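Letters are used for the chains, namely A, B and C, taken in the order the chains are written, and counting of residues starts over at 1 for each.
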Amino acid sequence: MAEIRVNDLHFHYTPGVEVLRGISLTISPGAVAIIGQNGAGKSTFVRLLNGLLKPTAGEVLVDGVSTRSTTVATMARKVGLVFQNPTDQLFKSRVLDEVMFGPLNLGLSQEEARQRAEAALQRVGLTGAADHNPYDLGLAERKLVTIASVLAMETPVVILDEPTIAQDMTGVRQIGAIVTWLRDQGRTVITITHDMDFVARYFDRVLVFQDGQVLADGPAQAIFAQPDLLRRAGLEPPQITVLGRELGLPDPPLTVEAFVAQVRDMAKNGAQ
Amino acid sequence: MSVIKVENLRYRYPRQTELALDGISFTVEPGEFVGIVGPNKAGKSTLCQALVGLVPHFYKGAIGGRVEVAGLDVHATPVAEVSRKAGIVFQSPFTQMSGAKFSVYEEVAFGLERAGIPREEMLRRIEWALRLLGLWELRDRNPFALSGGQMQRLAIASVLVMQPEVLILDEPTSQLDPAGTSEVFAAVTDLCRQGMTVVMAEHKVDRIAARADKVLVLDRGQVLAWGPPGVVFSREGLEGRGVAVPPVTVAARELGWQEPGGTYPVTVEAAVRIGGAALGRDQG
Amino acid sequence: MQNTLYVPGNSWVHRLDPVSKILLTVVGLVLTFVLPGHLLPALLLAAMLVLLGTAGVLRRVWAVFAGVALIAITFFVVQGLVYAGNATPALTLGPLTFYREGLLLGLRLTFRLYNILASTLILILTTRPSDLVESLVRRGLPSRFGYVIIAVLQIIPIMVEAAGRITDAQRSRGMETEGSLWVRMRAFIPLMGPLVTSSLIATEERALALEVRGFASNRKPTFLNDETIPSYAWPVRIAALAVLLLGIAGRVMLS
């Protein structure tokens, strides 16, 4: 549906201190995870994708349209960005009104906006909370409200900035289900996260950021099979992958299910 | 002589009908590292705050049962006094910076000044705490100019200078990257080795399983399990209740890789040992 | 994070204790209103600029002075044109006539403005806010008030940053912030709402953190830093008081 092209992107906040030092890549529909230490430029990068920041050199094209040539509000039709801290955006006293804010800004009628909002709330599992005050909900649920707010805008590209912080196991699975749903719909979902298990389970492609550059770009399987690369970026593979490697499995698995399947296969083959 | 004794603790926040804590009992021995895990809204934060008296003194509400920390009856003692024996560190590094001091060094002094500690003693404790947490080189930096991990270590140092017997941490690595998380866990493990009693509420069960002496599993205000990590995480039905279990443990359970005592491994090292042996058998 | 006007330095003014500097400022302010005419206020300004010069902070002083230059200009313009006591024309620009009496009044007002600024800058440019508050707390200001004063200074850039993040978040949801006044007004609540809420939440969280660091304790606090009052503090204080008395006496005698 939407293709993002990044051409030799450079960015600095203050002249002389480059935060992004030459990034070129294409993002097609699918689930992409951006990992890397704090300070590597991940948050800055995604803000360049929706036009909040404009490149100091190079360009970002969303479906052929440069982010330099449109306003953020216009780009918001194509690229939705869910911020890390829900407190930075919640302002309505009813969850439903909050989720309707985005669609209304896009020019939809009250009725259409309501329908979209209700569908989005159902997707995040908060249908029962539609009439509540967002601040009566817990921190994790507030996060789901902000995700619903962007889902309701039905953008082809959805960016999630650290969605799993403070979520418990159920919350992480819920967000993972949303990622999978978006991907299956043919949309692009980009996530910044520190949770390697989450990445391994739900994402096809991984971008490793380090010092303002893309250190590695490839399928999750390939990236997590390179512990030295990850260590350079201050990261570690998922626990189950580490276990797989230490046990000498030929193709270290990314999930518990894959691990168990591989071991059972090995046992079967070994017994023959 | 247990340093923490919780007996049938029950608590309800004001304007709520349900109990946030519903009959919690456990004891902690000096020098132990206790992890508190469980789904959101299980009562982890509430329990942490009950250990220093914020519940009920700061939050009001209705409380029952007994909490004894370092010999003090927490319900009957002012928070300022309890916090000299039990320090608490919260989730957000940012809001723990007092905002009143312009350098890391002075920030650590804040609590000492309020407590009326003599100056020579102050200087000694500040240097000790900053060196312990690896912040001595950063002592002239503005607290708000630190990284997340550094700020959290500063929060720990600020609490540590009061020389508490117990350190309580409420999801301290939630907002940190993996490097910052490792810094905090390393600092806490170090303190434990030096005799500090630590209670930490966390979502990162793999790290807790590797470091904690005991784990308390909470769900809906009640204790679901209590004991060493190997025993607790091997229990059936945890994931059904929304409690995360280390991935290696889930795998081990599926594959029947058991420790001699009948529990499952909860760390990579243990899983490598057991699994390696099992695989060797299968292929030998 | 440079969010105060303090200019670091090691001059004799910097090393003077905050209470003495408060005294200097008060003397400057009182004399500003007590000294009559034009010459004496000019001398007062010159004297304070010399003092600020010895502190090495003149660059910042010029910046502040330049910042209010527009106000000074309006004094001249307004009073020169429409002051009630205007009688003697001094300057004609097209249809506008500026009168001598008004211009002189404008001059006196300008001196007053700059003298007020110079007096306060003596204190503000050379004293760290935390030192200032600490010296007041030592002398009996309740430390909670002291805390609030300092915290407000630190909070301002933090709130500015929060406002930036909030604007970004709302723009990303399609809210326009640029354009007509009406557009900007519509953006007000989506921006102010989260700003207020996040500030309140941060305040509550910080109150919690302070509580457990004994903030509410009633013990008499001790201080990390030694208060160093230089040997010249008392001579300076006495000299300042002497100048003040001279000024007041002079005014009384002249009227």
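We adopt the following convention: contacts are C-beta pairs under 8 Å (C-beta built on N, C-alpha and C of every residue); 3 or more make two chains touch, one makes a residue touch a chain.
Please read all numbers here as calculations on a predicted model, not as lab measurements.
In the absence of subunit B, grouping the other chains by touching gives one piece. Chain pairs A-C and B-C differ in how many C-beta pairs are in contact, and the one with more is B-C. Chain geometry summary: the mean Cα position of subunit A and that of subunit B are 29 Å apart. Rounded to a whole number, the gap between the C-alpha centres of subunit A and subunit C is 47 angstrom.
Chain centres here are Cα means. That of subunit B falls 45 Å from that of subunit C.
Here subunit A touches subunit B in the complex through residues 37-39, 138-140, 165-171, 194, 197, 234-236, 238-240, 242-243, 246-247, 256, 259-260, 263-264, 266-267, 270-271, going by the rule given at the top. Interface residues of subunit C facing subunit A in the complex, by the touch rule stated above, are 162, 165-166, 168-178, 189-190, 193-194, 197-198, 201. Of all residues in subunit B, only 52, 54, 58, 78-80, 83-84, 87-88, 90, 92, 94-102, 106, 109-119, 122-123, 126, 142, 144-145, 155, 158-159, 162 touch subunit C in the complex they form. Residues of subunit A touching subunit C in their complex: 47, 50, 52, 71-73, 76-77, 80-81, 83, 85, 87-92, 101-102, 105-106, 135, 149-150, 153. Those residues of subunit B whose C-beta lies close enough to touch subunit A in the complex are 38-41, 91, 147-148, 171, 174-175, 177-181, 203, 206, 239, 242-244, 246-248, 250-251, 254-255, 268, 271-272, 275-276, 279, 282-283.
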